Each structure stands twice: as C-alpha cells, then as structure tokens.
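All remarks here apply to the structure that follows.
For clarity, chains are labelled A, B, C and D in written order, and residue numbers in each chain start from 1.
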Amino acid sequence: MTHRIAILGASGYTGAELVRLIASHPSMQIVALSGDRKAGMAMAEVFPFLRHLTLPVLQKIEEIDFSQVDLAFCALPHATSQAVIRELPRDLKIVDLSADFRLRDPAAYQKWYGQPHAALEIQAEAVYGLTEFYRDEIRAARLVAGTGCNAATGQYAIRPLIEAGVIDLDEILIDLKAGVSGAGRSLKENLLHAELSEGTNAYSAGGKHRHLGEFDQEFSAVAGRPVLVQFTPHLVPMNRGILADVYVRGEAAAIHAALQNCYADEPFIHVLPFGALPSSHDVRGSNHVHIGVIGDRIPGRALVVATLDNLCKGSSGQAMQNANLMLGIEESAGLTAAPVFP
Amino acid sequence: MTHRIAILGASGYTGAELVRLIASHPSMQIVALSGDRKAGMAMAEVFPFLRHLTLPVLQKIEEIDFSQVDLAFCALPHATSQAVIRELPRDLKIVDLSADFRLRDPAAYQKWYGQPHAALEIQAEAVYGLTEFYRDEIRAARLVAGTGCNAATGQYAIRPLIEAGVIDLDEILIDLKAGVSGAGRSLKENLLHAELSEGTNAYSAGGKHRHLGEFDQEFSAVAGRPVLVQFTPHLVPMNRGILADVYVRGEAAAIHAALQNCYADEPFIHVLPFGALPSSHDVRGSNHVHIGVIGDRIPGRALVVATLDNLCKGSSGQAMQNANLMLGIEESAGLTAAPVFP
Amino acid sequence: MTHRIAILGASGYTGAELVRLIASHPSMQIVALSGDRKAGMAMAEVFPFLRHLTLPVLQKIEEIDFSQVDLAFCALPHATSQAVIRELPRDLKIVDLSADFRLRDPAAYQKWYGQPHAALEIQAEAVYGLTEFYRDEIRAARLVAGTGCNAATGQYAIRPLIEAGVIDLDEILIDLKAGVSGAGRSLKENLLHAELSEGTNAYSAGGKHRHLGEFDQEFSAVAGRPVLVQFTPHLVPMNRGILADVYVRGEAAAIHAALQNCYADEPFIHVLPFGALPSSHDVRGSNHVHIGVIGDRIPGRALVVATLDNLCKGSSGQAMQNANLMLGIEESAGLTAAPVFP
Amino acid sequence: MTHRIAILGASGYTGAELVRLIASHPSMQIVALSGDRKAGMAMAEVFPFLRHLTLPVLQKIEEIDFSQVDLAFCALPHATSQAVIRELPRDLKIVDLSADFRLRDPAAYQKWYGQPHAALEIQAEAVYGLTEFYRDEIRAARLVAGTGCNAATGQYAIRPLIEAGVIDLDEILIDLKAGVSGAGRSLKENLLHAELSEGTNAYSAGGKHRHLGEFDQEFSAVAGRPVLVQFTPHLVPMNRGILADVYVRGEAAAIHAALQNCYADEPFIHVLPFGALPSSHDVRGSNHVHIGVIGDRIPGRALVVATLDNLCKGSSGQAMQNANLMLGIEESAGLTAAPVFP
C-alpha cells in the first residue's frame, strides 16, 4: 500500500530533506508540493539536486486537493504554520515541523514567540514529536509537532538522566554547536559564506533562545517540578550537524548506565563506550544520534555530548519517523541510510 | 538470494563508501573486511560513522575464506592490488577500484605508473569499468577494473561527442576541479585542513596526471585514431565532488544533442537543458552525473561541464553498479539514494 | 605629511578592506566614510573586526565636506558610482573601484553593462588602473578606474605574452577560480554558506562575464588588433583568492622568460621557477601576485597560472597602490604586509 | 637600531607566523632560521607564502652563530625546547613558544607532560608570558615562556574576575572552540581536510588537556588558594581562532565592570558593550582580543566569551609583544595590523 504524501513548504531545506528521504521510502508517494512564492516551478529548478526525481510541480496550498492526501508534512515558517493548519481538513494526518504546536501552554507560546497562539483548539490535540519518548501518543495522533533541532539534541542527552534521578536538576548547562542549515535558506548577512566560514560565535545567549521553551516544558514534566537549564548555542561553519555539550552534576558511571538503559533497544540512538565522545561528522545525512559520557577531574561532575544531523534526525528524519508511526508502518522506513562520510 | 561480499582495503575512503552503499543494498551481505594495518579492529573504531552497522572485524587478507565469498571489491592501493588479486581464486568475481587493471597496454601501464605490470595474465581478462559504455562486457566479466574518478568524469562529457563526430579531436581541453577525498586518507601535508581549506591550486599539470593514460586509451579507441587531450586537475576545498570543464570545438547544439541521445535511457546520467551548467553540490553523496553544455561567444567553441561524486559514481558507486551487473541483479540496487544537500 | 582620505561605500567588503589597509599606512588618515543605508552607524557595528580603530561615523555622501579631502576611494556599486562621481568636485583625486570607468568605448560600456554611460565627460579623463602597466598615466591622473578583479588576474598572466609576441592571439582560454568575497556582501541565495561551501560551479560562462569587456579592450590595445579570449569563471568555497588558469599556444620557456622579463623589477609580482605553479593560499590577505608556467605534453601548448587576493591586489590593494602614485608617495605604502597563512 | 633575531623551529606554523610579523616590524631583522629536518631549504620552499621576502636559508641549530643574535624565538616542540635552550648562551634573550617553561612547579610539569623536566635551573628564571599581567617581569626577563593559546584565551576572560572578587571560584567552566592551526602542521588523520571540515568534536575532555596546568597555576596564584576549573576544548573547522565560553557565577554587570576596568588601557584587549558577544571572525590574523559579557535568565549566572587568533595573540603575536618589551622597544611594534575579514 502506498501512502499519499503532501509537503507544504517544499522550497526550504527541511522540505527538500523530506523529498530526499521519501525518495528512498518503500511506501510513500509525493502527490503534492507547495511553495507559495515558487508556485509553478519544478523542484529541479528550486533544488537541482532533486533533478533525477519525478515530482509534482510546486503549487499554492489552496490548489491542493487534500482529499487525495493521506498525510501532510508541514514545513512552513513559524506562525504561518498555525494559520495554514487551521484551515486543513480535520481528519488529515499532519506532521508539523514548525514551532507552532510544540508548547502545550499558551502562555509559554506567547512568551517565547511574542504573540498569542491563533489555533489553540488544534494545539490541544498536538503531540510533541520526540519519537523515542512519545511513541505511543504519536501512533495515535492526528497532529504531531516536530521538536526544535537543538531541543531534540539536548533532550536526548538529558531526559534519561532526569528520569533516572542521577543528576542535580538545578545544575544543567548546555553549550551547543550548530551547523548553518538550521537557520534555513533565509537571506541573512551572517549566513553568507564570507561571513560565516572560518569562524564561530554564540547567538541568542543568556537564556533567550526559543528552544528553551521546549527544554522548560519537557524537563519540568519529566522531573515533576520546574527545571531551568542554561543554554548557549553557537554557529559553527558546517552545513549539517549539532553537537551539544551537556554539563551535569552526578556520577559519570551512573549517567552512562542511565543512557545505556534508556536507549538499549533504540535503532537510532547509540551510546558510545564510557569515556568516548562523539563527533558530528559521524551522523551527517543520517537519522542516527551518537551520545558519549565522560567524568571530570572534579568529582561529581560529568560531561554528556550528543550529536545528530539537524536537518535529518533533528527535523525531517524525525518527522518521517513520526509519520511512519502515524501510518502504522515500519518506524525506520526511509531512514536506514548510513551517514555520509567524509 | 543474498550475495556474499568481501571488501579488501576497507579502512580507506572507497572501502568505507562501499560499506555505506551495501548497507542500503537489498541483496548484498558483507562477510569479510580486510585492512592489513588495522586487522583486529572493528570498523566502528576505524570509521565511527558506521557504528550502527553489524560488520565483520577487520582481517588480514590471508585470513579470509574466499570459498564463502561471491564477489570481492578490491579497494587496495595501486600496485598492491595486482599482487593481491593474482593470488585470489581464479573463479572469484572481482571489482578492482585501483588503477592496476585499467590500461590494456602493458607499455602504457609502465609509462604512467613507472613500473612493469606484475599480473599481465590477469590484466588480459579485465574489463574497463565505465558502466554505461561497457555494460555487456561487464555483465560477462570476472574482473572489472574501476576507472579513475577524474577519468570517469571527463569521459562522460567527451565519449558521446567523439562517437557522434561532433567535435575536433585535436582540440580537447579538460580543466578539472576535484574534492579532497579523491586523494584518500593518506597523511600528506597538503591535505591538512589548515593547508587545503580556503584556497585552490593545480596539481599534476602539464600532461603528467596518470588518468591521462585512461583518456588516451579510451578516446583513441572510440575515435579509431590517436587522441591526445590537455588535462589540468585542481584541488578544491570540498570533500566530495569533481567538476570537469571540457573545452571543445564544434557546434554547441549538436554537442548537446549528442549527449542527450547517448544518455536518454541512462538512470544516473542527466543532461541539463541547453545552456544550463551543473554544480558539484547537486550530486554529493549520490551515483548521479549532471552534464551541461553552453556555446561560447566565439563561434565554433563550446563548453561541456560534467560533475559527479568522486567517491560514489567516480569510484565505489561505479563499483557497485558493475558488481550488480556481474551478479545479474538490478543495476541500480543500492544506488538509488538521492544526493545530500545542503 | 598626512593625506586626508574619504571612502565612499565603506559598508561593503572593498570599503572595509581599504580601512584595513589604511590602518597600516604611514601617511593616510581617514576623514570621512560614507554608507548610505548605514549612515549614522559606527564602523564597529558594521564591521566588528575594525573595532580597535578610531574612525569617523558613517555618513551620507552629501554630508561630506570634500574640501577637506585629498583623495576619495569610491567603492560604490556599478552605475551608482558614475552618478556620484559626476557630482564630486572636479579637482578631487578619485580612485574608483566600480566598473563604471574601466571601458573607454561608450559602446562597449553599453554592451556589457546594459545601459548607456551617464558621465561620458568624466570617463574621458579616467585612467585604467592596472598599476604595473599604466604607472605613468596613473601618476598624472585625477581619476583612476580600478580594474575588475578577474580582469586583473588574467591580464597579469597574458599581457606580457602579447607584448612579447610569444603566443597565438586567437587561442587564449582562461578558466578562473574565484573566492566568494568577489561577489560582495550582497544577500543572494547562492552565496549562503549552506549553498556555496563544499562544492563548485561555473557562472557567467559562454562569453557573458562583464570582465570580458576589459580583456577585449586591453588585449586588443596591446596587440594592435582585435583579440577575443574564452573565459569561464567558477565560484570556489574560499573567501579570498582568484586562481586563473590561462591556456595558451607557444613555447613554454619563451613564455616564462617573457613573464620574468616583464616583472623583474615589480615588488608585488612574482614569477615562480619554471614548471612550478602557484596556489591561491599563498597570497591571501596580501598585495602579491604569484605566476607560474608549465609546458604541456602536447608540443606548443602551455599553461600559465596566476593568483592574487581579489579583495586586496584585485581591488582595494590595487586602489591603494594607485592612490599612492597619485599622491606622490611610496608606491608600496600600506601594502607591505605578508600574506596570512594558514 | 635593528635587533637581530633568530627563529628556532621556523618550519612550523608559529615559526612562519613570526616571520610574517617580523616582516612588518620596524626594527627587527631575521638573521637565522632553523628547521632541522628541512635544513638547507629556502623558506619559500617550506612556506611559499613567504616567497616575497629575503630570508636566511634554514639551518641546523648548531650551525647558528648566536653571538650575532640579540633575541631568539624558540618555536620548537615541547621537550625538544628545554634540551635546546639548555645549550644556548646564558645571556641570550629567549622567547620560548613551547610548553616547557610555563609551569613553575616541577611536579606540575611532570604531571601534565608525563616526564621530569630536564632544565630546572633555567625554568627558575623563566617568566610566564601573559603580557598584560606580567609586563614588568617580562621587561626584565631573559627567558619568557609563552602561554598556551587556549590558556591565554581563558585567562583573559577569568583573571580580572578573580582579582576583582566578583565570581565564585569553585564554579568556573570553560567550553572552548579552537581552530585547527593550534594543532600545528603535524600529519594526523583527524587534521585532514576530509576528516575535520564540516563537523566538530570535543577532545582532551574531562580534565585531561595540558593547558589545565596553566589554569591551575595562574588562577590559584591570583586567588591565593587552589582554583580548579572545568575545561572542554573542541576542534572547529576554521584555520585560526579560539572562542572561549566561560560560564561563571556572579553578577554580570559587576563582571563586565571588572573586565572594563582591567583592560581600559590595553591596546589589544577590547571589552564589548554589555550584552554583546564577540565572534572569532573579527580577530583573525591580528593581535587583538575581543571579550563580551552577558547575564543569564538564571539569576547569578553569567557568560563571558573571549576570542583571539591562536597563532597570533595566542602564540607568535604574544611572543612578539614580549620580545618588544624585553628589547625595550614599543610594545605594539609589528603588531598593529588590523584583522583580515572576510
């Protein structure tokens, strides 16, 4: 059986990554692609790397016949997404890759995104899309809200530690290094090759990055009490990849064991041998996560490092994994490709 | 039916790329991996990006039981390859990725590689591995000699033009830009990040690059008379990819038509619309080739640009495509993944 | 004596490079900086790498008192430049870095830039700024038109060969590799790090690049008859640098000798030993040009490779060298810094 | 007056950087260059970017007549340095760039470098080379021990805070991002372009990096009691630059004030406006340090980010600054060049 797929917002990087993944998927077929400003164009014009595929021409969203669609991936910008999804058929399965349905608390949404939520009734049915921790809910969901790519990376390192009670909840610090594709295909001066290559810098530091809303929501829920983390993202001259250094207080061996226990049966999450730390090079282009743990010379302190590909496992790969669950098919379908190295 | 595969020389980039491709292949199983200096190590130690796969431990070649192997990929260094292959069972199917069996004329081998060939009796049965032009011979072959990655790129642009008689055979110039992985994992000062990034330079210029031996052999065979080309390769700060600018004399429209005719039914070779030129970004990590043609302001001159991923279509992907033919399975098996962009 | 300098268009890369060079100049002082859209901002906001310098705040051009200026560098976009320069005092020394005054023939300007020239009376007094070949004229000039960066690179390789009569004038082909800063700080999709890094492609191929107007004008003037070259520029993932491969017909030894003779006394132009070819890494950040020559295996053909830093010797460094001549000071003042490697 | 300079170990990156800086120095002349394995070669062969300079041929150290040398920069590998310096004339001024004389406590040296110190009598006279904090001692010194490049970066952020008593001494965490040239020109697999570009990873994590010996020594001395910091360096795909994120406990405004007070008169250390954070792009190729401070959403926590060029201010620029002091000349001589951007 072939599942009919629409991708809304196919002219951005996460949309293109979805097309790439679906091209290797055994039972998905793309029946519609939207790209408002590029409506009428072929994907080969917008993304020449997809030239070898036979794909629908880009349409405006309102031109799509959703009665012929089984599931829609919504890769639209934040705020646009809620306005669009509100108008889609109420029985259409949707995986949203924007930030619009991640935060369950409307006040938190308003705080982090600076405006009231415009589709609260739909927000109520959204399931948070961190697959390994919401698998059952996702299977039953109509609308899944994909996580932030930074938020996913941090959570893979930290959630099992909170669950296992092996770290001090008031002493969690995330220093994260992110590749440039996380910023999308937008025309900003700091994303130009001449500005970004050959250097690095922090951004949204000091507790301002929006993915903190997800950390707060999720860590507090797991802990059963408020948890606030420190978080500094950095822009690193690489196209794909996030590497999160998570500094915690606790016994490194217990921390390593908690991660191993949590992810023992997970096909995409790999805990390295104790003392080994991962490299973002080793997950590029794949749905895999590598996590490592090392103790510090100062007793009671440990470093957990997690890495994933922001466009794949951090965004479109996660979306695909969730869609597979929602459609009742093999969870790893379309996601089994090995990383690309070098 | 599962085909049992050995990879000799699995600790280099082309060996690792073969493992990556086989991981997505529907009917190949790796039963042996060799890596002489790294024998006893797990592939996850040598290439952590393959950590998620269950793979044999690296062995010495003499430890491998070839009676349990259907086909061996030989990704050993030049000269080593002929010494090893000479000792393998005479009925073992082999795809060699080295330069050792590419040149049919022993004198040409000696000229370009500086030493006499040590396995001429095996050379005689080798088929040159440029799939699209030797498909029938490859299907029937026991030993296929993979082409040079630069040699493949140039030939995709030029062979159809010689065959169609649309260019001047004495006026062919190839200015080629190559990514760094083509130089392998060897420890050379000029391959260090600090030396190679942020700049470019020519190498082996002036008619010295060994892949000229392949150009001479193949173009002369197609033309039925000696053809000598000019060829300058450059090292460009990118990990994968070759972009070959081929300057020719002839009518651009006829040249474009000859390429379109030649590749109309090829799944991996894509001729762009007339006047459009390809980018190496768009084939990264894939088995695809993009070719474009444009005329010059000077009448009678044209530029053909071809691009491919040197590790995949230029080496391990080509090897896989040939192995599929030799094993009688679908030619594109294991090779259908889309490029990775960005 | 201190020369009072204005930089018009200081918010772009060539403007910032001028500030960088003047910071090390023994007798220039910046008295005015313009940046229309950024008027009122400090340079440290626009270019934080200049934070340590005490500089005038960015102004609108009309706010500048040119009676207090000895020489103005005009680093404005093409077309804007002629409109601005037309309004400046007629006795102000000006080094223009745009394309507006490079082409002496109004018809050629219109052909390559798509519009009629709007300041022909000023064009008539402009001197073409290729320092080593127009030194005397530049010394006496009021207005010097900086060359295109690609045009400069090609000319350094070719002009001495035409002058010496050692190459076939109908067989000149330039395959050029350019760093990204040559495209300026403009917000274009193909200049984003995610699009441009890790790959390469040709652009403006087939005889369309505007710097051909300069090649045509200059080579024809030197030769005393029309000379048309073939020219393909490529975008390479490096921030600074141009490497031009120039394919010519002639005896390599005579070609090398012609270059050595021509540049024997030039402080910034270095001809490598015969057979050695330069790398763009080795001129980064400097005003130096490296040129190499090698013969081909096909008799009568040779390759000349020239490399320079597009922002420095190809643009702002050239402008400084010319300004020094116009002001009657040491030609190399402010330009003696060694390249930055790695 | 011209000071006669020798550079021992001129074939590495820090040696070449010294040559680059001296080329712009008003009163230094290089009279000898050593490079044991490359003795007899011209610097233009070892570093073609220095081709334009007239320089002594590389010699063996024992061939140098030190009676004609006023000051020697010693850019030799760790352990080699102490063996060489022990044999040099006792009245020769020396700036050592290795780790050999940084640690005053022989036990600390043995702990971090794994072997006993072989020149303790000379160690006793060495002055630690962090210029801004040891200026008077350096002026009077015969032997100055250059700091580690990471150690310098961290200290610029932290020393003034300890001195001012504005942070918790038991809660200092340094997450540092380093460019690849810090690893030198050594042939290691992880430094190849194909391995290092397009990704990032931590190294020497968990309290193992040798520069911790310097942090321990210096911070404890300033505080007057033992201070242990946490420190994780990362390799980032850039050639030059270190960016250190220093997480501390204290009031951000007081921290910013302490830094401003400390560096108010320093020509090379620039404290950004409160809340602004620096980028490593903005100090590339220069002797400048940029430092920024921001508070966190969690009260009582702050982030200090410091950035410098590891080869210049972190190593050879620092060495030059110290040599200027030792020779009684202008401290900033040879160091006034602006950063190179882009």
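Of note:
Just so it is clear, contacts are C-beta pairs under 8 Å (C-beta built on N, C-alpha and C of every residue); 3 or more make two chains touch, one makes a residue touch a chain.
Because the structure is predicted, anything quoted here is derived from the model rather than measured.
Looking at B-C and C-D side by side, the one with more C-beta contacts is B-C. Greatest centre-to-centre distance from chain A is found for C, with centres as Cα means.
Per-chain Cα centroids separate chain B from chain D by 45 Å. Measuring from the averaged C-alpha position of chain C to that of chain D gives a distance of 36 Å.
Between the Cα centres of chain B and chain C there is a gap of 39 Å.
Counting partners per residue, chain A has 13, 181, 194-195, 197-198, 237, 239-240, 278-279, 281-282, 284, 342 as the residues that reach two or more other chains. Residue ranges of chain D in contact with chain A, taken from their complex: 173, 175, 177, 194-195, 197-202, 205-208, 212, 228, 230, 232, 234, 236-241, 243, 245, 247, 275, 277-282, 284, 294-298, 301, 303, 305, 342. Across the complex, chain D is touched by residues 13, 16, 19-20, 23-24, 47-53, 181, 197-198, 239-240, 267-268, 270, 272, 278-279, 281-286, 288, 290, 336-342 of chain C.
For chain B in complex with chain D, the residues that touch the partner chain are 13, 180-181, 185, 187-189, 191-198, 237, 239.
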